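Two complexes follow with chain A in common, the first pairing it with chain B and the second with chain C.
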Partner chain A sequence: MIGNFQRQKSGLITLDPRIKLFHVVVTGIIFFNIESWKSMFGYILSMVLVMMALGVIGPAIKYMLLSLGLLFCYVVLPHIIDSQVIGSIGTLMFILVRFMPFCMMGTIIIRTVDVTELIGALNKLRFPRVLIVPFAVTVRFIPTIFIELKIIRDSMAIRNIQLSFYGFIRKPFRTIEYLLVPLLSRSGKIAEELAASAMTRAIDYPCKKTNLNKLYLRFIDYVYILYIIITGGMVIIWD
Partner chain B sequence: MGLTAIALNEFCYRYNNIKKLGLDTINLKINEGECILVTGRSGCGKTTLTRAINALIPHFYEGQISGKAYVYDIDVGNEPIHNVSKKVGSVFQDPRSQFFTTNTTSEIAFGMENLGYDREHMNESIKIVSEYLGIEDLLNRSVHELSSGEKQKIAIASIYAMNPSIIVFDEPSANLDIESIVKLRGVMKVLKEKGHTIIIVEHRIHYLLGLVDRILYMDKGKIIEDMSEEQLVNMKDTVLRKKGIRTFDLKNVPVNVNYSQYTNKKTTGEKVLEVKNLKLVKDKKIILEDINLDVYKGEILGIVGPCGSGKTTLVKTICGLMKEQSGHIYINGEQIKRKKRMEYTYFVMQDSDYQLFADTVYNELILGNKKENYENHLIDDVLKEFDLSHYRDRHPSTLSGGEKQRLTIAIAGFKNHSIQFFDEPTSGLDRDNMERVSDNLLESKKQGKSIVVISHDYEFILKTCNRIIQLEQGKVVDSYQLSEKTKSKLLKQVKKGDV
Partner chain C sequence: MERINRNKLTSKNLIAIGIYNAVFFALVLIIGMIVGIVPVFYLFFYAIGSIALGPVYMLIISRSPKKGTIVISGIIQGLIWTLMGLWHMVIFTTIGGILAEIIANIGQYKKKFYMVLSFVVFILGFYGTSFGVIIFFSDYYIKLSKELGGKADYITSIVNLVHGPMGIVAFIATIIGAVIGGVFGIKLLKKHFDREELSYNG
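Entry: the complex of A and B
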């Protein structure tokens, strides 16, 4: 028996996509309401744990190390080297740290939420349909762009077009052009075929869409909501 | 005679912003259960014809229409596309760009979800479809893990789950290896036996022998001929070439047709490239192991093998794009370090869209070359040689697929590297363009260059290569000179995938 074809498991837990969208909202609130690096770091830590539980381990470690590095520049470095330049670099780094939770949220959604699941979740939340399809397509498209960029970088190397930091400083527009021209021509083609393929599979059929994966809140989803509220609340109070 | 599945009456279509008619007075009747092959040169209107059937024309590609198209009793022009979608399923050329989801099972369910089927029905359909197509082991996996052939199967499954009576394939073999192509044939056979009407648009037709009922040959938007399989099989090669139709039977393709014309007698056994004990590990998996390989001056070496056997990785490693774990690579007798190897080698990758950066064809040739290394008249010579002179000032992205491919090869020809590598240079090309690529490579060979070609296009390999190495699971399993005698060895690979 093949049985049911529901939620695939890659990490320790699987969560309802709606809860992840709720997490995005909480992250937004945190962004505007905390100031100190300690609470920011606390929140990042809480998200690293979530990512690990969801099975997105590699990126979780990378984000962790990156924020440690950036915070080092902000917190420790000015004490070692007393210079205004270092101070302002540190502040710049802290601004990057503040954006980190959003990047992490993006990674979580792209890595763990399937596009049809996302469409289902947004449908249930009564999002207008005109917004759902473009949003879903965007989420579907982001990983593709990274794959495409990698191939373009290779072919630039073969053509002897240097894609280095130095090259970028010397001829920034040229470099961007070389990256963008093939990327756009590829993206245009992929987007067209993707849309055509979705059309022939009745994406605009005017009926109530169903979902292969049943969306319902389970115990673990409630635990997660509680976790988000507690960690979010704690960092705000702590701040 | 069964029901009429598709009928086009005096159907004309012109894409917006294009002067030429895409389809010119098409009158066509296809009966339920028929298997139709549509072939013809690039740009002859084959794909446009499929769009008139699956209702992308006029609902997605806007343009001017006259005449009528019917799918059963549905008037395609006047009813919304989703009514047609229930009857007609479409499998597109590039499996990468038709996936909406990242999970294979949700992908199969995608169309059914859109039609609002209930969950039990969907689970049942997925079960049945995966049994029919033999893809139970592909369910619930990440799309990114699959090979092109497997992706193609999921794409077919997703269509099939919606249970359309008509299935349209647009160049389904373009991105597949030879084994997957033969398996694709098996899938088509199953669909035909189940009574589906099948329409296949293809250049590479050898795998369809014995499957199709009728062949439509198109030219300039018109259906010129409507023939039986037998008629096509009996056509002489000279006639086929004139029409730009590829061969139906690989056995009839003579080895190295144009060879004598290009053979340079002076070539000696001079080794240009030597690979010794190459090993490459990626993500803890052994991709290449014990690779020993020589490439001689003035030869064209073909690398064959199934998808995922490490062909592209091998070439990327030799060119220095990937790092080997161990082993040595010698070019012209000298051991060359990874970063330096790019200066000696040139690699034309599979998709030409990635490889064109400049704003004109002319600048494309100059790009990446130092001024002191070329003279202006040489560029014009190269453009002439590749029949691109009249496109000198055009933007590369406005060229057709075959022309883009030719331009990437021209760039390779212009660079003075001693070894050139090509990855699938003929995928999606019609006979004219395929033979042109073959001629270009033979010409470079005549000039003493060494060429290595990765290809699944056996018709092209037979015409072009003089030596074959076969890769399987990261190892060289066979290596031989290609001649009429050893041809059967190569063709055995085609049989292998047959089930």
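Entry: the complex of A and C
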């Protein structure tokens, strides 16, 4: 789901993270404004190109094939088989296609923006410190939480406590307690250690913090903004 | 040396908020994967999920019982979903967070009744997002069914179900689930985490 937040440096271009956040907003606006499958597919194509240029090639191909398959269900299949069920399934598939740009945007951000860059971007956007610190911690630790959960499941298996759907139905509270209490006490320990580590690195010192990644808009960023606006506009006008 | 203001959020509090919100988000994802298999269950997502989310919420507040904790949590949850692409979520979670904060503040982050109530409001903020999407989609669904002619009666019936009794049932179920989750959370906290509490409030 959420991989490790490490930047891939293999892409053709690197972009300012603020521009990527702008792209998220544009994607949201487009989601609410277009209806036909043709313009939807056009927008997905434009995002596949962006993903390719950024060096996220594997997922780009996957999303491409997936949306082609889903659109096949929506556009072609009802003409071949004339039945009510197929029609409804096709429509459901098309709704999945509409969520595709969101997933692609998420993949782009997760694969190409690392936490330091994100903090830098939020700093530049004048987010308050009380929000940046917990947000950075949250984003950084979501993968760790999944690792912890796996460890807890393993140690439950060692103690011969079965974790199954049936068990969850029969004793929901007890199952949740078994899972949640170790997880929460583990994350409490992590929080304590992290706080100590951050304090030794002067998180409380009231000065302006600098960032390793210098953020400024380059030529390629302006090209990207133009690209987003032109493709978005064309898709909406076409619709 | 400056006097430490005990009502202000320290970095220790902020980090604790961050970590427990990571747990909260991870749990939402896992429950979503389990519940999302059946589409109709999606409406009851937070009714089921809040049993697991309640303890986390209560722990966040017990680790940092200060002004701003819940609002920050709400905004962070929304921001993560923004990163995943669903940026409209941040509006609902922030509103839910602010209301929940006010309620918890009335109870001084201690009284059980207010804590449970604030958890219900917080969860309803999340429920609002999925509800908003459904309302938006229903116009879209109906348009599609007109395009398809008689083929899509099935879909219109689902939309009617969501708008009619099912939506109300899901709303009430969410409230009941959140109450159960909140009470369960407080109980779990008393049983397992009460001893550690003092070390965090400094």
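Quick note on the criterion: the second predicted complex is superposed on the first by the 151 of 239 C-alpha atoms of A that agree within 3 Å, B and C clash if a C-alpha of one lies under 4 Å from a C-alpha of the other, contacts with A are read in each partner's own complex, and residues count from 1 in each chain.
Keep this in mind: contacts are C-beta pairs under 8 Å (C-beta built on N, C-alpha and C of every residue); 3 or more make two chains touch, one makes a residue touch a chain.
Model, not experiment: these values are computed from the prediction.
Novice: Which partner does A:65 contact after superposing on A: first (chain B), second (chain C), both, neither?
Specialist: neither
Novice: Output check: A:198 vs chain B and chain C. Expected answer is one of first, second, both, neither. What do you get?
Specialist: Once the two structures are laid over each other on A, A:198 reaches both partners.
Novice: Once the shared chain is lined up, is A:114 touching chain B (first), chain C (second), both, or neither of them?
Specialist: The first partner, chain B, only.
Novice: Given the touch rule stated above, what does A:173 touch, chain B (first), chain C (second), both, or neither?
Specialist: second
Novice: Now for A:45: first (chain B), second (chain C), both, or neither, which partner does it touch?
Specialist: neither
Novice: Let me test your reading of the model: by the given contact rule, A:207 touches which partner, first (chain B), second (chain C), both or neither?
Specialist: Touch partner of A:207: chain B, not chain C.
Novice: Identify the partner contact of A:161: answer first if only chain B is touched, second if only chain C is, both if each is, neither if none is.
Specialist: So A:161 only meets chain B here.
Novice: A:185 contacts which: chain B (first), chain C (second), both, neither?
Specialist: A:185 contacts both chain B and chain C.
Novice: Need the overlap of the two footprints on chain A, from chain B and from chain C, as residue ranges.
Specialist: Of chain A, residues 140, 177, 181, 185, 190, 194-195, 198-199, 203-204 contact chain B in one complex and chain C in the other.
Novice: Name, in rising order, each residue of chain A that touches chain C in their complex.
Specialist: Touch residues, chain A against chain C: 1, 24-25, 27-28, 32, 35, 78, 84-85, 87-88, 91, 94-95, 101-106, 109-110, 130-131, 133-142, 144-146, 149, 165, 172-173, 176-177, 179-181, 183-185, 187-188, 190-191, 194-195, 198-199, 203-204.
Novice: Would you mind writing out the residues of chain C in touch with chain A in their complex?
Specialist: 9-12, 14-23, 25-26, 29-30, 34, 51-52, 55-56, 59, 63, 68, 72, 75-76, 79-80, 82-88, 136-137, 140-141, 143-144, 148, 151-155, 184, 188, 192-193, 196
Novice: Please output the residues of chain B touching chain A within their complex, sorted ascending.
Specialist: 54-56, 59-60, 80-82, 85-86, 88-90, 92-94, 96-103, 105-106, 109-119, 122-123, 126-127, 130, 136, 139-140, 144, 158-159, 162, 316, 319, 321, 342, 346-347, 349, 351, 353-357, 367-369, 397, 411
Novice: Report the residues of chain A in contact with chain B in the complex, numbered from low to high.
Specialist: 2, 4-5, 8, 114-117, 140, 143, 148, 151-152, 154-161, 177-178, 181-182, 185-186, 189-190, 193-214
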